[in-house]
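Common to both upcoming complexes is chain A, partnered first by chain B, then by chain C.
After this line comes the complex of A and B, so read on.
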């Protein structure tokens, strides 16, 4: 009310018009981009509609899930969970030196933190499935390559988030520990660690949530876990079993997410 | 073993060093060309209570932080207890810093840690890395930390998280940290700037008691000339990085300061602090 009184109405008007015009241009640009993408990837709406009916068929075939199959699903599901837990643990441990070395307020030498950050960025560009495939090639089939893949993958996430949080901590205690005559390790232990630990734990839990999902598909490239069963049952067109696996995965993911979110809420 | 080294070992606990602070032609030019300190020559004796005054930007913080080398100086040398901190490297620098406590305007405690842990942080220089990282301080250290907290009247908060304390209480914890550190010199950069008048007096009283009873040298930056007169034994006035006044409190008269600083200090003076009877 006050605003419209202090500003002459025509001025308000022209500003709104400006805003509107901006929106129109943005919308046009997005539509163009969209059209161009469709052309380039040779997508057609018809294919989509056609596919939709296929999908419906699939859903019908999935419908009564094969409850008897549940007992077969439990062991690989637990394997998947264990893979996620071990992978996250490895990632969490590896992330600590990487995060500290990347933080410019911990190690002030840019010849140190830029290269380390570069390595981190490089690691994070590799999709976890590709990582798993590489480790399968090195270590052979089984859950071990899956665990390593998840370890490297989550290291990238945790280290990146943690070093960014580290750069945001209160510099006061860092200065105080320098003044006290602490050496570098004591300095980190008494001023950086206590400030950044709650964030770090929260990021580890977050990585665990992601890893449970990721672990569920790693079996597609032979890296252990429930993914192998997806591969098998889909191959034999046993869609009722597929739906059992999906339900089981969903339950586990939701449960882990719930616990993790609750814990993180408590932390921060 | 070198005889001098033995003397150092004996003295490190008993405090028989003289802990004189000497500035020898010290200048500091910031990378952007601002002159922080301009050819400072002065000596601070053991047991003095020196208050540094000056307008904002005069170089008070720069002066204080160059003593324990939180800031590097550009030319000249600072000598503490006959050792050049300017030239000290590695372990030696850490040992010199261990003898110099520091108190900040913003307290600089780890807010999520308990009070006692913040105080024990002052002890890390005396023990191995492993011991301190695991928090395995000897009982004497805990005793020392508790006595330090007792001295600043806050022992009942020892196991409280630091962020649950008021500003004045937090500042007293940081004084306790410097005491637990067994510092021979305490530097304080505007220790009362974020405190209310009553707490200000309490904190400065604590510092004064430490100075008188333990013989710890104090170098304190203050904005208020009034407070400086009340607690200091010697006042150093800075302006544009130069020493424009250096003398005992008696010489730091209103006329003298008006001469040096002109009008602005008159304004500062009018921010009068409540006078509580001193103990």
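After this line comes the complex of A and C, so read on.
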């Protein structure tokens, strides 16, 4: 770098030099970010090595899983599935008006679709577990707050994906419906809905996959389902039961994922 | 698109449609039968009102307290957990990604086992991982970092592997022809092609991790979640309001920065 000062700087040369300098600054910034986050979280490799023997102990205690506990796990697991299903349904229904209102080719008014999109963005920043904790405070313990939390959470996902799909549809039918003088409801029903429905169903199934995973942990804040059992068993240090719950959750998640992926492949 | 205006649907597909409807109906009957719908507490309306009041009158004093736990420190903790968790996973998922990519090794068994490993890690909820890590290293941010780091390996590894599978093999062959060894081939032909994708996916995962980090505190794994759950449990709604506001602002800003960087890279 020093040398370039003594020679008249060649154009190409200084461009490469600039790029290099930018890379150095980026690397420095990343290293600083890394160091800061280590300090802030009080991370130490020593703690980790120290914890490693604990980890090993824990894994040993988790095997073999307590198979007899499976009978206790199945009813809350079914509850979890119910919560995911009903939550997704509520979300899917709520998502329809939001998706239509925020698609710029359905409602062309800027003052309409920007605020609605803003609300959707806001909803999606709040994690489902926080929503569940708030709904537990309102409705009390049980699966009901979990269902509402999942409903609002999945509404955000489905509405966003659907409005993006809606904006990508073929404008031909839309213009045709305008040309024959359809009112807004007919216009949406005959030109938008037939084009978007397969996408919409696919997004609902996708949200169901996410919700099954989410529902499995909502019990940690008292919102029903299998999550409560993690708390109970971990609290009593019954690690063999914990591993039974984990295996059961994994099986259900994988099964739902498989069915949903197959259905989605058929749809699109 | 495909099926816009058939005058009459063929009989077999109508039967199929009806059986789907009946199946769906049965599923919903089953689902609704298990949910106690009488569970509305009479205080629900009142609590909702005070929540809304609290959310619109946030506790501004909590933003910065000279001594002890305040919003800014909580948010910085959360940010640090997300950053470090993302670093850890971005680093450790690289070997997994090469293991699972089907154009690096020719053995189907090897790539399939790598893919299975990654999806196994992915299905493990991060909060459960955090619970387990709390048992191992004690409550605090470190447990959160480990949980996020391990969980993100599953998704990042999959995305990285797909990126590796999509590279152009021309440069690799060219290097092979000049007699380069495997390490040189990797470094000069594969790495330059995958780096932009890797960075973009890492940033995307960072956005997700930030959201996750803000709830890890609920179970005691550090960050803003801990004061939030305390505030919810003690019905201190104006404090809940300011914390929610803080999370929303932080997540929105980070999303904006991250997506603008991603747009410039790819």
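What we mean here is this: the second predicted complex is superposed on the first by the 234 of 268 C-alpha atoms of A that agree within 3 Å, B and C clash if a C-alpha of one lies under 4 Å from a C-alpha of the other, contacts with A are read in each partner's own complex, and residues count from 1 in each chain.
Keep in mind that, in the parts below, a contact is a pair of C-beta atoms (placed from the backbone, for glycine too) under 8 Å apart; a residue touches a chain by one contact, two chains touch by 3 or more.
Owing to the predicted nature of the structure, the values given are computational and were not obtained by experimental measurement.
With both complexes placed on chain A, chain A has more residues touched by C than by the other of chain B and chain C. By the touch criterion stated above, A:111 is placed in contact with neither chain B nor chain C. When the shared chain is aligned, chain B and chain C each come close enough to touch A:194.
In the superposition on chain A, A:172 makes contact with chain B only, while chain C stays out of contact range.
In the superposition on chain A, A:254 makes contact with chain C only, not with chain B.
Judged by the document's definition of touching, chain A residues 170, 173, 194-195, 198 lie at the interface with chain B and also at the interface with chain C. Across the complex, chain A meets chain C through its residues 33-34, 36-38, 40-44, 47-48, 50-51, 54-55, 58, 78-79, 81-83, 85-86, 89, 121-122, 125-127, 129-130, 133-134, 137-140, 142-144, 147, 170, 173, 194-195, 198, 213, 216-217, 220-221, 230, 234, 242, 246, 249-250, 253-254, 257. If you check the complex, the residues on chain A that touch chain B are 170, 172-173, 175-183, 185-186, 189-191, 194-195, 198.
Contacts from chain C toward chain A in the complex involve residues 1, 3-4, 27-28, 30-32, 34-37, 39-41, 44, 47-48, 51, 76-77, 79-81, 83-84, 87, 120, 123-125, 127-128, 131-132, 135-137, 140-142, 144-146, 211-212, 214-215, 218-219, 222, 225, 228-229, 232-233, 235, 240, 244, 247-248, 251-252, 255. By the touch rule above, chain B contacts chain A in their complex via residues 68, 70, 93-102, 104, 106-113, 121-122, 124-125, 129, 132-133, 174, 177, 181, 187.
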